[in-house]
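In the two complexes below, chain A is the common chain; its partner is chain B in one and chain C in the other.
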Partner chain A sequence: MSRIPDERPLNPKPEVITELRRLLPAASVLATEAELAPYECDGLSAFQQRPLVVALPETVEQVQQIMRLCHRLEVPVVARGAGTGLSGGALPLADGVLLSLAKFNRIIDIDPANRSAKVQPGVRNLAISEAVASHGLYYAPDPSSQIACSIGGNVAENSGGVHCLKYGLTVHNILKLKLVSVEGELFEVGSEALDSPGLDLLALMTGSEGMLGIIVEVTVKLLPKPERAQALLASFDSVERAGAAVAEIIGAGIIPAGLEMMDNPAIRAAEAFVHADYPVDAAAILICELDGFNAEVSVDVMRVRKLLLDAGATDVRTAADDAERLRFWKGRKAAFPAVGRISPDYYCMDGTIPRRQLGPVLNRIAELSAESGLAVANVFHAGDGNLHPLILYDANNPGELEKAEELGGAILELCVAVGGTVTGEHGVGVEKLNQMCVQFNSAELTQMHAVKAAFDPKGLLNPGKAVPTLHRCAEFGAMHVHHGELKFPELPRF
Partner chain B sequence: MAEQLDANTEQAIVEQVTASRSAGTALTIHGGKTKAFYGNPVSADAELDCSIHRGVMAYEPTELAITVRAGTPLAEVEALLAEQGQEFPFEPPHFGDQATIGGMVAAGLSGPRRPYAASVRDAVLGVRVLNGKGEVMDFGGRVMKNVAGYDLSRLMVGSLGVLGVLLEVSIKVMPRPLGRITLVQEQDQPSALALMQRWAGQALPITGTAWLNGWLYVRVAGSEEALSETQRILGGTPMANQEADAFWTAIREQQLDCFVGERALWRVSVPPATAADAIPGADLIEWGGALRWLRSEVGTAVDADHASTVGAISDAGARIGSESESESESESESEAGAGAGRGTVSSARACVATGGDVGADGVSAEAVRALAAAAGGHATLFRAAASIPLPSDGVFAPLSPVALRLHQNLKQAFDPDGLFNPGRLYQ
Partner chain C sequence: MSRIPDERPLNPKPEVITELRRLLPAASVLATEAELAPYECDGLSAFQQRPLVVALPETVEQVQQIMRLCHRLEVPVVARGAGTGLSGGALPLADGVLLSLAKFNRIIDIDPANRSAKVQPGVRNLAISEAVASHGLYYAPDPSSQIACSIGGNVAENSGGVHCLKYGLTVHNILKLKLVSVEGELFEVGSEALDSPGLDLLALMTGSEGMLGIIVEVTVKLLPKPERAQALLASFDSVERAGAAVAEIIGAGIIPAGLEMMDNPAIRAAEAFVHADYPVDAAAILICELDGFNAEVSVDVMRVRKLLLDAGATDVRTAADDAERLRFWKGRKAAFPAVGRISPDYYCMDGTIPRRQLGPVLNRIAELSAESGLAVANVFHAGDGNLHPLILYDANNPGELEKAEELGGAILELCVAVGGTVTGEHGVGVEKLNQMCVQFNSAELTQMHAVKAAFDPKGLLNPGKAVPTLHRCAEFGAMHVHHGELKFPELPRF
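The block that comes next holds the complex of A and B.
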């Protein structure tokens, strides 16, 4: 797999460094090798590239000036928040400006009456909930990296978390964005009301991976904290039965706040790491959280408990108190680093599948894993079908990274084949460009490029990410496998 | 689900678009024409009828998603969902029996449950759409989480057909709540708004709020235990369920007298906590304060006979009355009789404005828009009698220069020859 963004000829213009120093204080323009090193990758460390220069603006006016400058000089710009992204969306370009929004870290306004908050893009996800907690409110999307990840990055990737089934993704929880266009103009999309006139540019901007504009302010929607949250932990002796239990719960008309599955390798890794008292012999566990109105939660806990036992759970525990509930979650939330302890390296995938394909897909992943010789641990946002297979490998063994990427690619193509998608919440970035060729045909990709050009005719905002060129897809040779045309004929599908 | 899908209708639509492109003729896209009143007038040479393209492509209740062709009647889809104990969480208005799924998505309008559950846009998971070059494209999918490529499916929602022809839509569905109850209490507008905000700040299972004619209506949904507990917190008197359902239908479908007659109806979308006097004269408030409806007599004389509309029974009102009577005759009758003392469909029907009516002297679009914008929202001239001249810049609030340029560029990116619904959204 190509470890660079989509092919584009390099055209370094060192004069941009000089010009940036005229716009910003000396400490806000980084250009030495030592200064650039921390920016050479985001959360996807397999891809590394130092930028030409890093700019650290502090004001919207400075962002506008930087964009005007880069537009004039035709220098590409990659925006970066906290750098926790898992798809290489903030991977720098060798001839580009890396625009860090780290200094935009202020909560501008909290409006408890309208249940919204206006924040700068560099504010950490969890910091929003902490700042509004005294009003009995919180910001719902909770990616596992919420301690570190920034709200601007969340918007750029349309981040999810473990509570999406009930509370939605970032796109469902923001009201308004203030952006700087590639030409340096300031504009807004969305409004403080529940809708705004014209096309839904707020939805289009969300998840656009820094390709359409630079986010400089985000107005988020806040929700009242649920009166009560209760969690159950169910053990199963097969992943199929655990998958069937998920369908039973949803079929019964219950929408849990979170519904997570882990397979045995993931359970063992998590247990060894955080001692959450997980059943290490179970083939799979389900963590089901119910929240809301106290009277409603009480009824639903009893219903879910019965549904889980009827679906073949070998054991169902109901958290006795909040401490136990948080312990149930502790292992799940630590699953990635836990796997990181048992393997020198791991590669996290992010496909989404229709829930009922879970059994066949996990079985096929096990086969692919055996074929490649690399172990896979699975954690799964079971409620919304978002699968995170973690491929274990050792980058020091020659060829293993390539093998891991190949296995990952095969897993994502499998997700597309069963009616799913190559990325549920981590984004395409540079990582999944080839798989985009599997999911979309040339007319669809051409339409996406036309949308990009509507915002950025010169192609200066994060070029080469998110949407592959037709040329690349032709080379990848996958254009014929569109919409799952029988890549895996043995699997049931729509 | 057993219905036979016509394999040729998509091709027929593609061929008509391709032919129009060659001939350079613009098209008005329609399904059931129930929302034809909404948006700016279209100047087109021919019609493109999408109602021929109907049928359910996929529906698996445990996946919480349905995929349907755009011309499928909305009522049929809702009936299919109801059989499985599910529904669209955004409670879409039909505005007529012929309403289609495509029209629902293209108009992007949601009903009373919108602030408490989701909007149409929130629930759309994927689309199959035909662009102006005659290319059929799929965006999004049938799964809840999907960030592959730009979110072009949600971009279609509310686009009023100016970007492309919707062929199929995948939409998230939700379980129907176990039970529901509507509580009514007498409140003036400022107190009603204050209560709506107080309730919205707590995790209560509210699924609808409306203020009308001095009465505050709140609908909650859930288990029996949740309903009785919520009732204790909210206060108010419960309505009979049949009557309550008729009331919320009338609100959603705009069958109350406020929405009928020779006048302009402004839809004012604002932050929910906007003060009552910031948007004076709202006849009906929905969405926990975030949606306010204003009648005005734009460009016409004041309705001198305004008082006579009070209590007048519109066709819609009569229909609601007959529905509730069929199920709970005596209760409905007695409540109607006591309408002056208690909020009922009958007393609400007239939707008397409570003074400070913006429309009293006839109101300019500029004035309504200025009020909405000052509050952080926007105003749309939602309906207007044929006799009422439309604002020169259209029924929607004007866009900023940058946003307008982006709209024009996006239109160009999807429909370079300007075939689809020219002018419906913006010029």
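The block that comes next holds the complex of A and C.
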């Protein structure tokens, strides 16, 4: 299956393979069909494309040489971390080099006094917390894939996780990046001090999906492990009431470490899979974790318990011990694979909405689901309004994948309509290019292209991802033009 | 006095005044010498320059019309908020329009459920907290000038304050901006939801010092007022020990709401001015404020007290009540004017360093002070390593201003040398252009110019500020070239 929304005319240059073999050891240049197969998609398997060649550099110098080569030959480059991304940001190009950072897997330095660590981009997210645990520290952002996903990919997609409600997204938890430019030059953005003067290129790089440079080193912030974590599990007989409870908790000035919601289909799937002792008849459950100082957690647990009951919870359980707390999370953490057991395929969406819209939006998603005939399970970061509707379908039934994508698109457009955005933490990649046309007007998209061109005038870094062309938006027909049009200097097309 | 480090050839176009009078009411276009005088500098009075004309628009449409006019005539534009900035970011250009946002002073909307407020850029920082106080909310960043400074200026300079140790800089406390482009088009960056897809233009705009667009609306995040605030005042007989205590507190996993340090000259000046009952013989004091949940604050106060004593504090006072807590702060808050009383002039620097360098850097500043013959008082945000050395001088003594600037430059370069940066919260403006050459290499500066050009190809928005030209750096002779050079497409010069 090849479903590439790429508007570029293909221009394969096989000489790049020969030249790469001069730069890298034989085992680090993959070009046979069998070797390329594992790289044909990332975590978004609906889109597949084999690259022209995969390069596996081991040193910064090799990355610089590869970029100089590709720049000279005008060959596009797609960077790849662990390949767990869910929006197709690392989808290869048929005429491009796939630059894997898998061999950049060293923790370079841990600085407990400055609460920071310097790591290579291929280091797994969880490996950072493991490496610094003996200092009482951890790295806060925790995507569901944290066992497997790489920190470089986290930066490229500005990843979140359960804990980002309290501790922020990746952009709030990194200090400095080392990158290789499209022309092969090494540069740094950010600083280990409070603020970096001049333009905030660190934030600009974070979430830029490989379009501005190749990340070769990441300095992350570390946090002290909280003294105590405690969790509550609340049952509701309507998703609206559960949504309202979320707004009540946040509105009371409490910032939980995590505040997650699952609806009935998700509860049932998780319970059948891992037996977490979930209330299978509840319309929705909320799992609320509080962490911090012991005395603070004790009082906040009481306050949250009261808020949940006042908001109409039919039952509220407080974990008696850490084993029970982990059991509360067991079902939530297994929810995606659990849904995978009850449906041949599922499509995980990722949109954000203002918290107060949770109830109405979940109801509208149920209506859209009924209209399309495809079931939807909801498992998501309710605290920050980050929805993850899982659309259940069977790719073997002709037309169902397309129907699932259509329903997904409609859900994202609903998010924008209520004042939200088309992504929370998974990035745009290739998946949400059309919805970017709904989110932004052509002036705003043009501005993003202009910024991209400031780093990559020839459009060689991950072309076709994250920011749609105006042409594509015009074809999609959902061009959002609430303001006028900005006229920037003539820009290259990506 | 005219001390403009501007490399642009002047090109005054008086017709812009006539045309502005067609767009705005007579009282909103200022062009006589007497009318222009109040605008000849911002908070950095060492640099002064009258603009060609001052425009005081009242509506977004008027801002758009002014920008269209200036774009057509190719007249440079400098935006100005309250004019309290300390790095000369709002210094006018002799041939430019000074665009004052003073009349944009309305709070448009307060949304307690979403904990956000939408305000015009001319609204004063403190006015936001006052307007939302009845909801139990406040806006966290608190520059010393918060009674007077405007939120638009805060965004332009990415301002900090005492509370930014715990609650972050301006960039961490805003959600969305509305801007007018150099061509007069209205556009938005950011979102009221968790994350905004595509490139992070919100962070890019924050701290960009008026070089990328004119801010016409700011949506800020609001925080719940903490249940309790408590403060400690610790005396030390050496600045090094005080610096080490700061590192101990932060290293213990405590994040105070504020952690401020004053050295002996600053203590004496403040005490003489406001009688805060400071220990006038101490080499340094630390003021540590803890806020949050009542029980948490109680225990943290005990922990901090013990850490301070263990670190060698000769005395630690805990505020008995809120009146005493406010007295602790009274001297700190009055420290700048207090220093103004003991010296005809002073020059406030703003650099950041890694916390563990506090002691050594303060010692080296004392040496540099002795070498130059100018006294230095230190009053600063110790918790995040943000120094504010106040260099005392007398502008009436020939050569002393130059000597003060030289000492200031040497201190900033010292900050960079120990791994810090040349600004913490005051921005670069015109003041630190030379030090930017020390902080960044030419490839990095070239990249900033390329990003600037993506928004403002003709270089009409606040030219000559924040990012030095490579030519200037070459002349300054401190060009920092630890990496190679990036070659971007031919760029306009600013």
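Note that in this section the second predicted complex is superposed on the first by the 475 of 494 C-alpha atoms of A that agree within 3 Å, B and C clash if a C-alpha of one lies under 4 Å from a C-alpha of the other, contacts with A are read in each partner's own complex, and residues count from 1 in each chain.
What we mean here is this: a residue touches a chain if its C-beta (ideal position, glycine included) is under 8 Å from a C-beta of that chain, and two chains touch if they have at least 3 such contacts.
Keep in mind that this is a model prediction, so the values were computed, not measured.
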item: Three-chain arrangement built on chain A, chain B and chain C clash or fit; value: clash
item: Which superposed partner A:Ala31 touches (first chain B, second chain C, both, neither); value: neither
item: Which of chain B and chain C A:Leu169 touches, first, second, both or neither; value: both
item: Chain B versus chain C as contact partner of A:Glu157, first or second or both or neither; value: first
item: On chain A, the residue positions that both chain B and chain C contact, one per complex; value: 112-115, 136, 158, 160, 164, 169, 171-172, 181, 185-189, 191-201, 203-204, 206-208, 224, 247, 250-251, 253, 292-293, 295-296, 298-299, 352-356, 384-386, 419-425, 427-428, 432, 436, 439-441, 443-445, 447-448, 450-455, 466-467, 483
item: Chain C residues within the chain A interface of the complex; value: 112-115, 136, 158, 160, 164, 169, 171-172, 181, 183, 185-189, 191-201, 203-204, 206-208, 224, 247, 250-253, 292-293, 295-296, 298-300, 352-356, 384-386, 415, 419-425, 427-428, 432, 436, 439-441, 443-445, 447-448, 450-455, 457, 466-467, 483-489
item: Contact set on chain B toward chain A in their complex; value: 58, 60-64, 85-86, 108, 114-115, 118-119, 121-122, 131, 135-139, 141-152, 154-155, 157-159, 163, 174-176, 178, 197, 200-205, 222-223, 225-226, 228-230, 269-273, 287, 290-291, 376-378, 380, 396-397, 399-400, 402-403, 406-407, 409-410, 412-414, 425-426
item: Touch list for chain A against partner chain B, complex; value: 111-116, 135-137, 157-158, 160, 164-165, 168-169, 171-172, 181, 185-189, 191-201, 203-204, 206-208, 211-212, 223-227, 247, 250-251, 253-255, 292-296, 298-299, 352-356, 381, 384-386, 419-428, 432, 436, 439-441, 443-445, 447-448, 450-455, 466-467, 483, 494
